[in-house]
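Letters A, B, C, D and E mark the chains as written, and numbering starts fresh at 1 in each.
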Amino acid sequence: MRGATAMIVAAGVVALGLVPVLAPPFYANLLIPFFGYAIALLGFNLLFGYTGLLSFGHAMFLGLGAYGAAVMAGENGIKSFEVVLLGVALAGALVALPIGLLCVRFIGIFFGMLTLAFGMLTHAILFKFYHLTGGDSGMRVPRMNILGLEFQAYNKIELLAGPFYYYCLGLLVLCGLVMWRIVHSPFGLHLRALSNNAQKAEYLGVRVYQFRLAAFVISAIYGAIGGAILGFRIGLADPEIVHWTHSGHLVFMTVLGGFSSFLGPIAGALALTLLQDQLQSITPYWRFILGAVLAAVVIFLPRGLAGIAGTGAALAKRRAAA
Amino acid sequence: MSLIANLLLGGIFHAAVLFLVAAGLQLVFGVQKIVNLACGSFYALGAYFGITLVTLAMNFGLPAWLLLPILLVAGVLMAAVGPPIERLLRTVYDRDESFQLLLTFALVLMFQDVLRLVWGANPQSLNNVHLVYGKLTWGDLSVPVYNLLVIAAAGATAFFISLFLRRTNYGRLLRATAENRAMAEALGVNVRSVYAVVFTLGTMLGTVGGALVVPTSAASLDMAIEFVIEAFAVVVIGGLGSMPGALVGALLVGLIRAASLVVYPEFEILAIYVIVIAVLLFRPSGLLGKAAT
Amino acid sequence: MTAIVETKNVSKRFGDFRALDDVSVAVREGEFVSIVGPNGAGKTTLVNLLTGLLIPSNGQVFFKGTDIAGIGAVALAKRGMARTFQLVQIFPQLTVAETIAAAVVSQQDKAWRLFSKLASDGAVRARVREIAGIFGLDGRLKSESRLLSQGEKKLLDVASAFALNPEVILLDEPTSGVSTAEKHGLVQILIDAAKKAGVKAIILIEHDMDLVAAYSHRIIALSEGKVLADLPPKPFFADPVIIETVIGRRRST
Amino acid sequence: MLSVKNLVVDIDGSPILRHISLEVAAGELVCLVGRNGAGKSTTFRTIMGQRRPVSGSITLEGRDLTQLYPFAIARLGVGFAPEESEVFGDLSVADNILLPTWTRQTSRSVDEREALAYRVFPRLERYRTRGGQQLSGGERKMVSIARALALDPKLLLLDEPTEGLSPAIVPSIVEGIASILQLGHAVLIAESNMHHVPDFADRLYVIERGEMVYAGKPNAVPKSLSAPNGPDGE
Amino acid sequence: MRLSRRRVLKSLAATGAAAASPGVFMPALAQTGPLKIGILAPRTGIAASAGISGLAATEWAVEKFNAGGGIAGRKIQLVVEEETSPKDTIERFQKLVQQEKVECVMGIVSTGVGLALGPVVEEARALTIYWDGTTQDGVDEKLLNPKYLFRSTDNECEAVMSSLLAIKHWKGQFKRIAGINPDYSYGRNNMAAFIALLKRFDIEHEVVTEQWPKVGTMELTSHVAALKAANPDLIFSSLLFADLPVFMKQAHAADLTKGTKLVFPAAGWQHTLMKKDFTPEGMIFGHNTLYFDNPQATPMQKEFVAWYAEKQKDYPNWEADRAYFAIASYKEAVEKASKAKSGQWPGVDDVIGAMHGLSVESLGGKGGWRKDNIADQTFVQGFSTHNNKYDFVTLDPAKIETMYSADLQKPPGAKFWDWLKTAQFKI
């Protein structure tokens, strides 16, 4: 199975790598947010899929990444995207720590509502503290250099469709590898144990509360990194990014792809990005169809697209065996 | 002095409408253990249909004073969306609550477009028909009787819900089901039909709330998404599943909003979230809720 | 020999209700002690006190000479006491190897290794194999726990507790849900495993007098929050008053 | 009337009942004895439709129950008083007892059914207005049985009806059961204590670890089954 | 997934491997076939009513233009996408430019989206004409020296005009002023502009209360109570969206509007919801660049309004004018540039060049483009009246005022607040 996953990942990376070369340039640009979401969802799923905590306010960390980038690069003139990424990751951890301390005391619906409340608190702050945050018009996220290279010959669209695209792909692979290590580490094992059965886990020496907090903080770091990518791409950090419906979309992607699998959320982010793009061009009523898709996934495919793939693989295996 | 009275009345009026929607949420959560994100959509649905029905009635030349009953009828009629949606939710009763939350989120997305398809993207509003009931003026204090009627209607709803739940056999049956579904079923309670009834009732509280508020307000597409957060705040503050909690929560939210306008306007929306978070942290079961798990 | 687990004049009240009243019991190294008693006798309360879950209203609870009142499950596991539950407690989606590894990781203090690859940790793997071998689960290491048979689940539950390398293990009705035909086999495996794993004392909470009679060195009977008897099996079962109280209390009182 | 054949029930994939069979004829009192965890409650819950069997059949007067919802089974006339009593704390004693009269119509009037329920446990009269939360364990037990009785059932399932009751009450419960039988109801009792089996039981089954180890007359139970296999758990 | 990949592969040959290198994003200006114009308009949410009006006007214009042979001989084909969040709208924009290969993009109502999209427009080098959405916080230039991006008037001309009208007509009649404005940059700037102008004209005043309800707040009775308690002589409000009629209703019910002077520069946003029942006469009422019932209107406006009323069962707001202005000026510019190149289809730079200094008759009146790509348009305001055939208020025909934005917006490069202090206003 591990070999199969590696194959899927390799094929996926190659396919994504070919997009700027083979596909119309629009698609490369379209996929930049996908990279941002995919990275954020890697973290989100550590919290949801592996630790069993469903946050309905996770968009606040994406907002933190975007606004962090705006503050660092826009207000303070930091031009290196790597420095910004490190900065927002740190900020994500620092903000997540106190919020997490308060939230992870609860599980289930209470955890969901508490994170939702914190998310909307953030939204209200961004709106109200107009002089600091620009209110509804948000804050500019200027163009930054990546790996110290300015790419002056490229305008931003070209930068996004070319170098930045590969940069994000690389970042996704890197973040994915790190997350893969995390979920396959002793720490990851304990997270899965506590989400399966917290009481038993405790008797096996699992520090349930601390580990939930750690997962929350890590997910926030990933969220902030994803948010910084979104900010770079949009060129603006705006309050909509932390609205509760945006958090809902993160959950949507995760469930669409399948939260019980490592690659599921990434598949979900890709699927939703492409689906939404197609639907928006086809019909003005694309929200209805998205809602219907979500409902259908929840009802008929609780394990998401990864579930279909899993079932398919199992069937193939059975057929091969027979 | 009249400022305080005016603010108080404004706050209570807001609380009255909030209470209706929150009561619907509470009823559904209490019995079915489902947190319904689509409650705001029901509210919007009631508001839009309220306008349609009142306009229709006025065109037929019905007297203006029938406004309130017509709006009630509008709200009640729109509760017809309840049963099919309950049928949909039935598929996830036994699943993790995250799926239930997501399914209602899917409804929020779908309703946005349904409302647009039927009523268009422009906001809709009635003219001042609600002033047909006159205004009460007392020095500087001036309040439309309609607002008082809505407050009274919400109060009456609170009263009748409590009467229904405490004094009727079916209400007792609901409470029994809320407390212990398996036992109620073993005593012959058809839980499926109870769920359908409860969800429809919950929906109705939302649609009636929307219908009642619309003469003083307007119907717009984004009202659903904005309102659900406030309704959530109410139930969290009051305590999930608790009817008295909905009342207390609605009053608190309504009055805090009103008060913060005078004391510190910057704090208006923030105040509500801060209180929600404080309640969740120090009394996660809410002010009047039963112990949280 | 000194007691490894001990309660000294322990009482526990819940409001007006006196769940335990002045209970002093001790378990020494090398002992297999059963705790029995009818419904409401205070067994659960005693277990919760012994495992550091509750704080006594009066008296003290010692494990290896230190007071463990209310220290909680994680700290208890660290100090060397493990417990299993009456209802099988497993991690449904974890494999057998992962379940045992979860305990081994705690025991080897590796839980905070965020980026190390568990699969290539030889020390953990060796210990997982060893424990699985003891419980005859080595053939099922890669199976998801939820797919095991009831007996295997029981074994896994206990095996993961053993993986903590405990000095004392507390078994709360380990054979509940196991068929009559399998019950002796299971207990035998547990005792053998305890020997191999170097467990110094076993505390068994059990209803099945068959099992209690067959394996205990000593039986502590509780009744209405008090110690009714603390005797080896022979004198225990020879005393009709004790037997009547433990088995048929309601008719007699 | 009630016929359980070869019932196999798993919970989360673990076998809890292993080929259980039992019969209750009209008007009979049948006891199912076994210690806690032996499978008595699971048997009852499966009869009530709260659990779906893996295999085997359950019929009431020839009608298959395994495909019915619990409420339908209750409406067919199966009354159930569970082990934990499960009295509705939010409802008063009177409402608890009346509840089944709202869900099932029988030839007896509501008043009659209510009166019968109180006749079995006259002391409940005093607690009519009390909330379900303010009752002692024994009182809850009585409410639970009275409530099942108010369903006017053909068959009454009583899970550990005397558990946790003070010895002074046990006789009145036993009398209550006797009078229930006189009304023509069949009763199936689960008991963890052999000594609590009423003398007038028609038949007795002993269940151990999900297996039926004895079926027959109460007075013929082998000593080996009745002695060491004692009390229930907590 | 597979489907889209197949599609991706199909277009492989067309695009080639050079896609990742710079320079290929220039929209290909094909000279035959239909002329594709992309529209980005909100269809739902608070800005939907603007989007609907703008879309309708665009469709009307296209129908009209196409009937007359299109633009420089090419028939127009609209490609409509939705304006939503900044992120999604950028994607839709790029889809229009890169996939659909439209030659011009029009639309955008929300400021946040406009600000985010600006740099993208420049880098895509795609001629883009904003209908609206250029409110900037602090009215500092955030989109500097755009070349491809043409924007609507860039400070709140309607607020300046309303303020001037209030000063002109009511000077000396008010002292205690109160504000209720939406809590975002538009509302903040409007209120600030009003106060700045009061200072500029040395009007003695006292701000007795400022309310900032969140956009989308439908329950304003508490705000009304607070306003009422402050007992103002004049209320300045740039409320818009559905919040505006809600406020009017609740203010009327509380007798707040009786005897109080009302200055509402943005009232035209929801003009058909401003029912006579609760909207008083005599308030300063801004219709921005289109007043549908203007007795001095051109035949074209009258034709459009009649068409709109029949098709939409409603009366258009100013976004219709902005949208018409966008497409009409584009048509003019293309045809002018084409003529200059003796009938050849012009390049983007030619069209841009032709845009500057252009003057077109839009629905609401004259409009043109400045050298800095900012629109100049005609603004209409006046005093509300009940004397009409509708159930909502219109402007008193005797007191309609019209101003050209050259007198209402800062000149190129100026700082708005400094300009307010020194500008010569015609009142």
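Convention: a contact is a pair of C-beta atoms (placed from the backbone, for glycine too) under 8 Å apart; a residue touches a chain by one contact, two chains touch by 3 or more.
Since this is a predicted model, take the numbers as computed values, not measurements.
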*Minimum number of chain-to-chain touching steps separating chain C from chain E*: 2
*Minimal step count in the chain contact network, chain B to chain C*: 2
*Provide the labels of all chains in contact with chain A and in contact with chain D.*
B, C
*Most distant chain from chain B by Cα centroid*: C
*Quick one: report the Å distance separating chain A from chain C, using the average Cα coordinate of each chain.*
43
*Measure off the straight-line distance from the CA centroid of chain A to the CA centroid of chain B, and report it in whole Å.*
33
*Separation of chain A from chain E, taking each centre as the mean of its C-alpha atoms, in whole Å*: 35
*List, in ascending order, every residue of chain A touching at least 2 other chains.*
127-128, 286-287
*Residue numbers of chain E (touch at least two other chains)*: 43-44, 214
*For chain B, jot down the residues that touch at least 2 other chains.*
112-113, 116, 266, 269
*Got a list of which chains touch which?*
A-B, A-C, A-E, B-D, B-E, C-D
*chain D-facing residues of chain C, complex*: 37-40, 43-44, 86, 88, 92, 146-147, 149-150, 153, 173, 176-180, 183, 207-210, 213, 246-251, 253
*Please name which positions on chain A make contact with chain B in the complex.*
48, 54, 56, 102, 106, 108-110, 112-114, 116-118, 120-121, 124-125, 127-128, 244-245, 248, 251-252, 255, 285-288, 290-292, 294-295, 298-299, 302
*For chain A, which residues are in contact with chain E within the complex?*
15, 19-30, 33, 127-128, 130, 134-138, 140, 153-158, 161-162, 230, 233-236, 238, 240-241, 270-271, 274, 276-278, 280-281, 284, 286-287
_Complex contact set, residues of chain E against chain A_ = 1, 4-5, 8-9, 11-12, 14-15, 17, 19-25, 43-44, 81-82, 85-88, 90-92, 94-95, 98-99, 111-112, 115-116, 119-120, 122-124, 135-137, 142, 183-185, 188, 214-215
*Mind listing the chain B positions that touch chain E in their complex?*
2-3, 6-7, 9-11, 13-14, 17, 112-113, 116, 120-131, 135, 137, 140, 142-144, 147, 213, 216-223, 226, 257-258, 261-262, 265-266, 268-269
